[in-house]
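A quick write-up on the structure given underneath.
By written order: A, B, C and D. Residues from 1 in each chain.
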């Protein structure tokens, strides 16, 4: 199964006074999952990507659904898959569950750019190979990423 | 034009080392815009909504596009409009621009729920009236909110 | 050695555009260390403390030194010790290092209170016993916590 | 009175589930006050300080007291004063009140450094003059900043 898995327990900083996770914190968790995936699975830590490599990897679009709220202490299991790979973009999906319940289902397009100019930049070849390990079969890709 | 306007200057806390706004911070800004709109335009501060009223107003879905990056010191002008109003849900759009350039275009569905149970709750009648001031004309509502 | 240890790699969200950790994020990390210590070492997760137990554990004072900056990708090893235990308060020290270099040295007083009233509350006896495992020898406690 | 004043209403993002402000958020507010002061009072926005000037202004130490908790919707009035000015450092105090009640009293030392090397850097002369407008009389400065 080509999914990268990351476990996060909901902490005080994640929640607001009604006791549920504050929306922006889900995107913070998703970014954390992506950075850990880059480091552990692709051997491309953000400190290298944005440091010696002089690149940046921002989102250009994102869509999310939150079918059920999460609370302090909940254990969220995040699973990351690649939906599509373009010349300099990739379409990622990151889904967070607690037990059988989906709490957040987020997908979006990241583009590789040069850090200063923020011009798109072709994937390094070695990286395209590693990305393919997380690529899911292609049916139903309504959101084909741009070349 | 029925838009609520809120100005935010990009601060250190909003940016990451490549110098651009960190994605989760855009959603933090959007939430800030919504809370200020509830307070200033609808006279329904979050401290009342979640406090004495015992309600909560979470997002159930959200979509966003980021056509161009924002940097430290940029002045973002956010404009909020209501795209549709359901029995207990509303479809909001919040767009952030710097000069003529759109930096973030975000829309999503919020539902009014009881804080503890997180069951949906009908809009108070007075609030539906005030919400309508921010409602834009109805053509092109692909994302009709649920009743 | 009665120290609780927690490792944190510096992520994008921790840093500001000059590339170093943004001050408020150190306090976020420290709170994360404390919550993990409560859960793993004291078997008192925050979801129980603030949930079924109806308590809260806020800081009333804090002091911090930052002898050297931390950067994206740095691995911070945090060590937590208890400097003193009062009737309802405790004086904690949390120090973050990278290799031999101290990056942040933070100590402060937390008080146990009832969540609603925020009145101080005596430590549960079992908890005082567990806390003592992390208590360091008593010389040099300039900052004796209040009873 | 040489104090810079900044008003902040406590928002959802500032609070944790027990309904009070989450400690790290106070430091986030303090940083926001300082950045607004640099921009509005000293005409030295952070985007210039860290951008074209190539400098950085990190804290090297900080002390804080939180005599009473703040809640969602509280209006905090922050007042910033300069306690001392060194060759490349400054000792700031930032106090947040709601009505007659002090909620947070924070003071600490910032040093001006070159962004890359993070070596201390002498204050620009014009800035020292402007800083003096916020300098309070000198009695009782226990924490004389380093030259």
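In this text, contacts are C-beta pairs under 8 Å (C-beta built on N, C-alpha and C of every residue); 3 or more make two chains touch, one makes a residue touch a chain.
Since the model is a prediction, treat every value here as computed from it, not as a measurement.
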Could you find the chain whose CA centre sits the greatest distance from that of chain B?
C
Taking each chain's mean CA coordinate, chain A and chain D are separated, in whole Å, by 35
Taking the mean of the C-alpha atoms as each chain's centre, how many Å separate chain A from chain C?
30
Shared interface positions of chain C, touching two or more other chains:
12-13, 17-19, 22, 24, 28, 31, 50, 72
Edges wherever two chains touch, nodes for the chains themselves; is that graph a line, a ring, a star, complete, or other here?
complete
Residue numbers of chain B touching chain D in their complex, please.
9-13, 28, 31-32, 35, 39, 45-48, 50-51, 71-73
Chain C-touching residues of chain D, taken from the complex the two chains share:
17-20, 22-25, 27-28, 31, 50, 56, 58-67, 69, 115, 118
Can you name the residues of chain C that touch chain B in the complex?
12-13, 15-19, 22, 24, 72
